[in-house]
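Naming follows writing order (A, B, C and D), and every chain is counted from residue 1.
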Amino acid sequence: MNFRSDNEVGAHPRILEAVTKAFSDGSTAPSYGADDWTHRVERRLRDIFEKPDLVAFPVATGTAANSLALSCCTPSWGSIYCHAEAHIVVDEANAPEFFTSGAKLSTIPGPAGKIDQKKLAEALAQPVYGVVHHPQPAAVSITQATECGTVYDPDEVASIATTAHRHGLKLHMDGARFANALAFVGCSAAELCWMAGVDVLSLGATKNGALAAEVVVFFDPDLAREFEFRRKRAGHLFSKMRFLSAQLEAYLTDGLWLANANHANAMARRLVAGLTTLKGTQLLYPVDANEIFVILPPRMHDTLQAAGAQYHPWPSDRPGERAYRLVTAFDTEQTTVDRFLSIAKKAA
Amino acid sequence: MNFRSDNEVGAHPRILEAVTKAFSDGSTAPSYGADDWTHRVERRLRDIFEKPDLVAFPVATGTAANSLALSCCTPSWGSIYCHAEAHIVVDEANAPEFFTSGAKLSTIPGPAGKIDQKKLAEALAQPVYGVVHHPQPAAVSITQATECGTVYDPDEVASIATTAHRHGLKLHMDGARFANALAFVGCSAAELCWMAGVDVLSLGATKNGALAAEVVVFFDPDLAREFEFRRKRAGHLFSKMRFLSAQLEAYLTDGLWLANANHANAMARRLVAGLTTLKGTQLLYPVDANEIFVILPPRMHDTLQAAGAQYHPWPSDRPGERAYRLVTAFDTEQTTVDRFLSIAKKAA
Amino acid sequence: MNFRSDNEVGAHPRILEAVTKAFSDGSTAPSYGADDWTHRVERRLRDIFEKPDLVAFPVATGTAANSLALSCCTPSWGSIYCHAEAHIVVDEANAPEFFTSGAKLSTIPGPAGKIDQKKLAEALAQPVYGVVHHPQPAAVSITQATECGTVYDPDEVASIATTAHRHGLKLHMDGARFANALAFVGCSAAELCWMAGVDVLSLGATKNGALAAEVVVFFDPDLAREFEFRRKRAGHLFSKMRFLSAQLEAYLTDGLWLANANHANAMARRLVAGLTTLKGTQLLYPVDANEIFVILPPRMHDTLQAAGAQYHPWPSDRPGERAYRLVTAFDTEQTTVDRFLSIAKKAA
Amino acid sequence: MNFRSDNEVGAHPRILEAVTKAFSDGSTAPSYGADDWTHRVERRLRDIFEKPDLVAFPVATGTAANSLALSCCTPSWGSIYCHAEAHIVVDEANAPEFFTSGAKLSTIPGPAGKIDQKKLAEALAQPVYGVVHHPQPAAVSITQATECGTVYDPDEVASIATTAHRHGLKLHMDGARFANALAFVGCSAAELCWMAGVDVLSLGATKNGALAAEVVVFFDPDLAREFEFRRKRAGHLFSKMRFLSAQLEAYLTDGLWLANANHANAMARRLVAGLTTLKGTQLLYPVDANEIFVILPPRMHDTLQAAGAQYHPWPSDRPGERAYRLVTAFDTEQTTVDRFLSIAKKAA
């Protein structure tokens, strides 16, 4: 009963198989991304996102994807506006600042992990543009699904994009769990991204069935001009690139990415449905994707722990109550969920 | 007949198998390196290098390994002394400068890819220490095997280390092909590293049978103090770290790394033995490891190309002659070598 | 009637005279700070701050002073806690991030330009220490006098220092207007600095009578270990250093710095005393030092402007009201203040 | 008899007077370069360099001027080609690397401080352009007068510029002693700069009569696009900018800069004329400007030292001989030179 994180689970068999196949039997391939796997990934993304001129670059970690993407959107004296609890702010050890050679993350509060759009608009309306003393607003970054497990709908994304673009800023989306968000919304990938105004997407696969693979997708190819130099300079260009691309190809083939996300989301919903009937539990945020933030009564928590359930404590503002985070994954089994719920029920 | 690079080949079956096993069957593992695979890799390295207090950190690319290692050895106002043709100088798009926030690579010439020790000693004897205007000598970096396919023997390493340490500099070894060097020298891993004075080693696996795995080995644990923050900040901390560690564990088990290197070296020697009997060929450098730099007569080159042989042209100082690089790998087949030689012979 | 800024005014005659004297009549002096002026400045600061082991380094701009000081207090993966409106956040074009190679400024709100101490304590109590994902809390920076013209008293400084030090953070004080703050509080320089826990002070002179001179004062000499390399590397080491030091020596001699600050503060108080008797005016913040933030009725503002008074509009939260900033300086004449007040009075 | 450096001398009276005037008598001026002095400096430079669209930015140190200028010419993954003994390589503590966020200085040897043009052409002919692994050639930087006291004539500059521009590189000139070089060549400022292909010039004043003032002159205004943000971000934007500009205005008025340089050069020639008649002395390089590198017999050196002459020892390749550097300045008195020579003569 490991609900600690979707980065603690294994990999999907089709992805493992694709990697094995790409590297077996004396196969050789051009290095550094000149291979067929990498080309096919880009073509597949163009189909899936209905954008024939997008450009895409595999990398191995989400921090690399975000930081490299953002470094294409801002000068060193620029500001990136993002939620106060964004992964790029609190969980990446200043990687965005490192990759941008010192750009600033300017945080905007907002409920349930979403940027307060009014506050964003106010921040961007400050008369700082072109004034040499002030950090120059350069980009907005939103997380989809958010750090609170909620999902921006296409209208919300579009509204943020409009605000950003009006002032000349780029819109980046940290899509470490983009598949989960897309599965929730049910629209097309295009509608949740570039049609809503996203300029560049960090599209995650690691948390959703890959070993280690993300891909930075530029809907605006001009923005990618420096990307390949930045990736190499940061040590993120893989010599045997097909290792990354074979994973991504399998991930994006026959809808595996969405099937995995749908499953993880369904398991989360099942958990929520069960938990919320129990006395003393309370959700901190709506559960749109595959993360559940929930208050559990002490006795229920103790009983679950004793039974071997694993999940992280989470900061909560509510005095006297203890919150926890549970994460489901592409391979979470229904029986595991049900066993968890059955134990919780007994302790309720 | 692909002799283009040892980064174009596949992966060793035992490494593929280890990865698959680590990620199959609903397995979960703590993320970010707290898993058992990662612990076992460090223990194995302590055994192999006979150094119970070494600390080791897996990363995915050689550029990351080198740059992160060097960033622990120098302040931003420091100098790293290295060969003028070192990979860190000419093939890493200023990654070392990026990771060190601007340290300088000071190049030292020398024949066959090896630093001229007299010139190094002269450079380090300059009266710049503590003088605020001058970049501060901080580290020496040598490549083992070198970019010219030659190998420093333990005495040569020790002599460089003595010079470096006398002035307070650290000694880094770029061991992208360390296994090939070690296989050539035939001493112990310890003797070629810390016993000879190496402070930190970038130990490569990718070119020698892995998918994407390197490991930074600090023989001086104090030097590693900041490593983990630096790795995370650069986006090189893998969430599913066992992906890297499973490769490295298989690589370091039952001597796979040396067996692979021995095979690659043997194939290189076989190629050399055959080629040097042919008229018009000439080696640029001794072939100690698995890289051959050789002048081929135009007709031989054309015939080989027509027959599908692949290898890179290489800059040569000799007017009117064309040089090429051929690289063998852990999976180069003897029949391929022999076929290559047979075609070359006919064109001689 | 220029109340736009204390950086638009001239220089004090004694400072001009000191500079002229230092550079006249074929005088020569060792360069780069090895001159007598620079030595004397450090000695004078040791006397004034009653700290015989402090070390002090002249620089030419406040941004350089702050950024260099902070870069000695944090690694690149560190966080500097400061007020949301701090000069280092909004007015230095990401210089602190540049000099620290990417440290983060984590902002804390608080009324009247002062950090909310409860919120600071909460922020520093987060369980992020040693956890590689999270920016590492490294320093607190406070501005004295604050950006709102208020002054922290020694107890407030000590309380912040205690919180910072408890968690291992350093305390930096941006003292661009430290003299004005000290003149207001009336304690000793030591009491407002290191006795209250300040580790490093950016002590300003430019706004208070110098041409261009600031000095970074380390009360903890260990913290200054890298300073001289950092200053040189940033192009802030002056060859004819006595230019900076001659200014600072005059500034710190015979109490000129405090006399200047006292005068500027007195002029501000006189302005405030006059303005607050007038209908429709309202102070945004207490006027502790030499900056006044005040709401003026439209007619009063128009009349003053028409009469040639100069001052900046200032953002105000109060709907329908217009706020302005007026700054007095070491050379603001009482007759100018009185003329301003007399015009304002007529328009009231 | 101080011949140690032209940065140890005082300032020219007209420059001191200009500074004093700019800051006296309750004068106020817009801050941060919006003042009249700064505007006039730019206009004067446009006249002097016969280039109505040049843009110019005062800074306070030569290291700042060079590093800021270069940071406008290269991405972080770029290479700057310069002489192996260039000031930016050996005397700026990695400031260029810092300001460019990690660009590489690629050194080219050459006699007497001048880049070997054949070697430069070879280096720039390497097939690295657009290849993501290799640092991208971005700029050439030459020093005028060179670190060996020699001067590039307009044809030499033009030849380097042609090579640089052919490959798309920018040409930067470190003109810390540009006035001395110009005085030597005797052509127009335009002919030695932009007409010969220089894109950006660091024009020094500090060593030639100013207190602390340099100005970065962009002959290509497009190249300056980011300059003002870079200057502010590095803490090099002065609030009381007229301090810098008043110096520069006086420096560039009525030919003061050239008069000062002519005098310094003449004093150097007088020294050389006297010294070279003495037995055992030998010049290391031609003395084009105001620096003399000369071998002195031990007895002569000892006698001079005993008489109070000051100058620096200098590295020399010639075994058994001791070389020294003597620098003359705008205010070196002929009687001092003659006294020096007379003492030397007695010891010859």
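As a working rule, a residue touches a chain if its C-beta (ideal position, glycine included) is under 8 Å from a C-beta of that chain, and two chains touch if they have at least 3 such contacts.
Values in this document were obtained by computation on a predicted structure and should not be read as measured data.
Chemist: Counting hops between chains that touch, how far apart are subunit B and subunit D?
Modeler: 1
Chemist: Hey, which chain ends up farthest from subunit D, C-alpha centres compared?
Modeler: Result for max centroid distance from subunit D is chain A.
Chemist: Taking each chain's centre as the mean of its CA atoms, how far is subunit A from subunit C in angstrom?
Modeler: Going by mean C-alpha positions, subunit A sits 42 Å from subunit C.
Chemist: Distance between subunit B and subunit C based on Cα centroids, please, to the nearest Å.
Modeler: 51
Chemist: Could you tell me the distance, in whole angstrom, between the mean C-alpha positions of subunit A and subunit B?
Modeler: Measuring from centre to centre gives 34 Å for this pair.
Chemist: Multi-chain contacts in subunit B: which residues touch at least two other chains?
Modeler: As it turns out, subunit B has residues touching two or more other chains at 76-77, 92-94, 98, 101-102, 132-133, 136, 229, 232-233, 237.
Chemist: Mind listing the subunit C positions that touch subunit A in their complex?
Modeler: Answer in residue numbers: 76-78, 89-94, 97-98, 100-105, 107, 132-136.
Chemist: Across the complex, what residues on subunit C touch subunit B?
Modeler: 32, 75-77, 101-102, 132-133, 136, 226, 228-233, 237
Chemist: Help me check something: in the complex, which residues belonging to subunit D touch subunit C?
Modeler: Counting only subunit D, the residues touching subunit C are 2, 4-5, 7-11, 13, 16, 19-20, 22-31, 59-65, 67-68, 92-95, 98-99, 206-207, 211-212, 229, 232-240, 243, 331, 333.
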